[in-house]
Amino acid sequence: MTAYIIRRLLITVPTIVLVTVVIFAIMRSMPGGPAQAMLGDQATPEAIKAMEQRLGLDQPFHVQYLAWVGNALRGDLGRSAFGNQPVSEILLQRIPPTVELAILAMLFSVAIGITAGVTAAVYHNSRIDAAASVLAILGVSTPSFWLGIMLVLVFSIWLRWLPSMGYTNLFIAPETNVRQMILPSLTLGAVMAAVVARQTRGAMLDVLYQDYIRTARAKGLVERVVLTRHALGNALIPVVTIVGLQLGQVLSGAVVVETIFALPGSGQLLVSSIFTRDFPIVQAVVLVMALIFTAVNLAVDLLYGVLDPRVRLS
Amino acid sequence: MVRKDASTNGKEPRALSRRHMLKVLTAAGGGWAMSAWLTACANPSTTQSTPASAPGATKVPAPAIAKTPKFGGDIVSALSTDIATLDTAMFNGIAEGNIFAHVYNRLTTVDEKGEILPSLAESWEEDADHLKWTLRLRQGVKFHDDTDFNAEAVKFNIDRYIDPNLKSLRKGEIPAVTGVDVVDPKTVRIKLSQPFSVLPYALASYPGTMVSPAAIKKYGADIARNAVGTGPFVFKEWVKNDRVVVVRNEKYWDTAHPPYLKSITFKGIPDATVVLNGVRSKQIHVTYNVLAKDVATIKSDSSLQLIEGRPTRQVSLRFRLSVPPFDKKEIRQAIAWAIDRAAIEKAVFFDAGLPANQFVAPGQLGHDEKLDVYKRQDLEKAKALLAAGGQPDGFRFRCLIQNNAEHVQMAQAVKGQLEKIGVTMEMETLEFTTWVQRQGAGQFDTLIGQYDSGNLDPYQGLARFFTPESALNVWNYRNPEYDKLLSKAADTANTSERIIIYKQLSAILAEDVPWVMLRYPPRLVLLAKEVQGYVDIADPHVHLYNCWLE
Amino acid sequence: MQMRDEGAAAPGSPLRGEPVPYWRWLLGRVLQVRLATVALTLITCVACMAVFAPWISPARPTDVDLTAVLRGPSLKNLMGTDELGRDIFSRVIDGSRASLSAGLISAAIGLTVGTFFGLLAGYFLGLVDMLIMRLVDAMLAFPGIILALAITAALGPSLTNAMIAIGIVSIPTFARLARAQVLTICRLDYVEAARCLGAPNRHIIIRHVVPNMLTPIIVQSSLAVAFAILTEATLSFLGLGVQPPTPSWGYMLNVGRGYLSQAPWMSLFPGVAIFLTVMSINLLGDALRDALDPRLRIE
């Protein structure tokens, strides 16, 4: 097991290197750079050139990349092209809101999704199934930005129950924080809940018609035991994969949700940094997201081994 | 300036009457820019001084509001973009300007009518040779880091702005300034390479911003994320892409006009719909990020106030004059005549702004109401001009648009109207940075862009876009007659004489059409009802230091 | 699915020797689900709309009429007009082209490329698996929208580039899913038996592996089409998508949300269009899934 984890971690290295190369290449193939973004349409070509020199953007691609890798390995992620702030300092401010949003949304979606999915599968072809399926379909068919706007319209502007934007540190003002996080995590969680529900239902249906379930039932086991001990455990395997894969979706969704709710998280930071070509920030955020994602992936694979003994981790 | 505020209507007869007058003038054909300013504008080269006992007393007239100001209160102000830098030498955005307006003082300032008033400079005087200005500085002012504001500080800042190695954007805003002499601790002499009669206006703008020299030396490159000035608010923190917080300066020098608010939080939120939702749900108090289409909704909401400032912005369709068929003046004129600007303003922007027919906006000196071109659509004339330019059957061209809602709508409306003379416009919408890159590199045939001078005096825009030596003249516009007139304007100290020259320059541009002027967007400020005491001065920023929260 | 032991039992597969052609049989099965019939009808309608758009729309979708902006639905303009006086009905019809092509082409890119590499990785394992999965991991490690956004920003905003970007983004999901399926199927007795008997790889893959992994792949395809349509809308929301004035539902929705209080029809109809299309595709996916499950067929 330990050997497996170590090997997996080693495998991660090329993945991460690949990620950084890809984002480095994409960012630098974009038209315009941080100088144009900052100085705007009234800057002279000289001013732009001077700024590019200051930011080291006049260097060849591989020199820039190797310099960045060298610094990153020493824990120095560089400084923002705008405002000269250390990127690590910016990340420390911007990652907590996204992590909180992601966790809340994931919890919400897993709780709702698995319950709905299992219920729908157990009562296959009944009205409950139809209702759950319709709800799940509604969920996956709604653009999340649309849902977010509707929630704001109803709960913030009409009813004035919840704030429409902003973020307060959880540990400084827990109540404000929770109130501010409700709408964003609902928006983000709803779509995911629908995806999880659909996958759970599918997986449960697969499992429920297997011979061993029939055997279990024939043995006279109580249906609840059949469902929880025999069916759900097996059905969870593909669901775990999907939830793991959903993490990518969470971060994608966070981009949109953070924009709608003006939530100062890393998704919004990433999008605006792409638009303003703030290379050091884009690279660092992508790197961190890739690390998180890889870690979760490893966890999913380990869970896989726990849930399905036939998958040997070797 | 038109103010909509149900709660204070009737309680402020003096302010209201002046605003009414302006409103009537606007309604009577937009001539207010002329009449109001010609009477109001003092000649900036005359010496002004303030009684030492009441420093800044003439600064900004306190609004006549019955309610007494309250101390305390935290305001959230929404800016239209994220903050790129806090370095006053390098920034280029209205968002940063809004923060600097609170942290810093400038050497001079302007009031509601655009009149130049003392600020850190108490008085100024132009030498007889028009090549030197002498500024007398306010005494006893300290930067937020407790260092003294004095002549050395002025020299340090201006030298920094014009330092050829720094490539500051401020240099282009005071092109004639060659250096500063310290006469004594409270007097400086600014040296010019050529007459620059609009210097007091320029010093009321970005190049007049005074930063603590000690802070610049201390922070080095990190001055881009620190702000140490003399202003009514002290910089507290910048959380990147989220907020900048400034807090009340307890030791502000202008004791007659103390800041009331405890703090101001600036948040960059580009999406105007998100901002409006935030204002309605009471999380944002102030913003200038308002779309024309929301004006009616805002006016019908009694919990909001909408202030309409003088229009200094303009949106235009810009040509690269070396690309056929735009090398022919007739073709450019044809396009200018084919557009029904009034119909677009009414249908798409609900008459929030004004149709545009000349470079100088109605809120600037030298806007010519009488200039009778492109005020209405004339398709016959347009077709005749197309034929004269050798394109009787029309043609196709590409146009770069920024992907912001109002620009895209404008472009689509223009496209629809050009179809009537057989001209097909193909749109290419780009994110802002790409658009900037393409314009700067001259990689375009035509594009639609917005220019916000912010200044009352249009000299800067006229010089940087259309003179042969300017790097920003990417359209390759050349007209010796224009250049000659423009240098005459720089040499003319008398405002009313300068206005006449500006009108002539506008007429030349209208004839040559390097840019087809489309509209003058309004300058809107949206305030929650709780915000009191707001004064809209003739400057592109939202100044909150006179405000308090009810 | 992992547990299925009748690997070759996929309906219509040659091993079973059923006389009915696979796709006709499948259609028959799908149509037995009532909702799926509705969904299929809707999808056919949308497809027809997309194909025949220029002939069925009452007005040109890009015709600006500044004298008739923000009009509510009427007999002349069935869905009202937008902020530039254009007929929303015509724009919704024309917008189906962008949305459907974005959905289908992006999903097709993801499906073919992703499944192909997933199959290779899962079947051959070893170095091939290693290389492919590292690449897939790298792509998955990007949040999808960010990758799509960055690619579109680099290529320049246009529908084609958006489709390429969304297609690329959906590759890794297919690859991982396909690989996971192949891994399980290859462990089954009959596949190992076939291997022992010396059956060529190509034969094993086509005869045994592919038919058995179809179910989740088809379900995933329906999700991918839906995902692509929604992602195109989101890219438009963030400002990188179809070039105006060409209508796309996502773009119309994005503009319309700014006019929510003045002209709700501007966002209502394109929203409903996205919604119905995506929902139909999802319903169809569900019906396919049910139809393809041999167990359900037997009972």
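Which chain is which? They are A, B and C, in the order written, and residues in each are numbered from 1.
The rule is short, and it goes like this: a residue touches a chain if its C-beta (ideal position, glycine included) is under 8 Å from a C-beta of that chain, and two chains touch if they have at least 3 such contacts.
Predicted model, so just to flag it, every value in this text is computed and none were measured.
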Chain whose averaged C-alpha position falls nearest the assembly-wide average: A
Chain pair with more C-beta contacts, A-C versus B-C: A-C
Where subunit A and subunit B are represented by their mean Cα positions, the distance between them in whole Å: 41
Where subunit B and subunit C are represented by their mean Cα positions, the distance between them in whole Å: 48
Separation of mean Cα positions, subunit C and subunit A [Å, integer]: 21
Subunit C, residues touching no fewer than two other chains: 153, 156, 257
Interface hub residues of subunit A, defined as touching at least two other chains: 30-31, 149, 153, 259, 275
In subunit B, residues with contacts to at least two other chains: 273, 431, 434
Residue ranges of subunit B in contact with subunit C within the complex: 272-273, 291, 293-294, 296-297, 340, 343-344, 346-348, 403, 405, 408-409, 411-413, 415-417, 427-431, 434
Complex interface listing, subunit C residues touching subunit A: 1-4, 130, 134-135, 137-138, 140-146, 149-151, 153-154, 156, 173, 176, 180, 187, 216, 219, 223, 226, 230, 233-234, 237-238, 250, 253-254, 257, 260, 267, 271, 274-275, 278-279, 282-283, 286, 289, 293, 295-296, 299
Subunit A residues touching subunit C - in the complex, by the definition given at the top: 11-12, 14-16, 18-19, 22-23, 26-27, 29-31, 133, 137-138, 140-146, 149, 153, 195, 198, 202-203, 205-207, 209-210, 212, 234, 237-238, 241, 245, 248-249, 251-256, 259, 267, 270-271, 274-275, 282, 286, 289-290, 293-294, 297, 308, 310
Parts of subunit A lying in touch with subunit B, wherever the complex brings them together: 30-33, 36-48, 50-51, 80, 82-85, 90, 93-94, 149, 152-153, 156-157, 160, 163-167, 259-262, 264, 268-269, 272-273, 275-277
Parts of subunit B lying in touch with subunit A, wherever the complex brings them together: 82-86, 90-93, 165-169, 172, 221-222, 224-225, 238-243, 267, 269-271, 273-274, 277-278, 280-281, 283-284, 431-440, 449, 464, 471-472
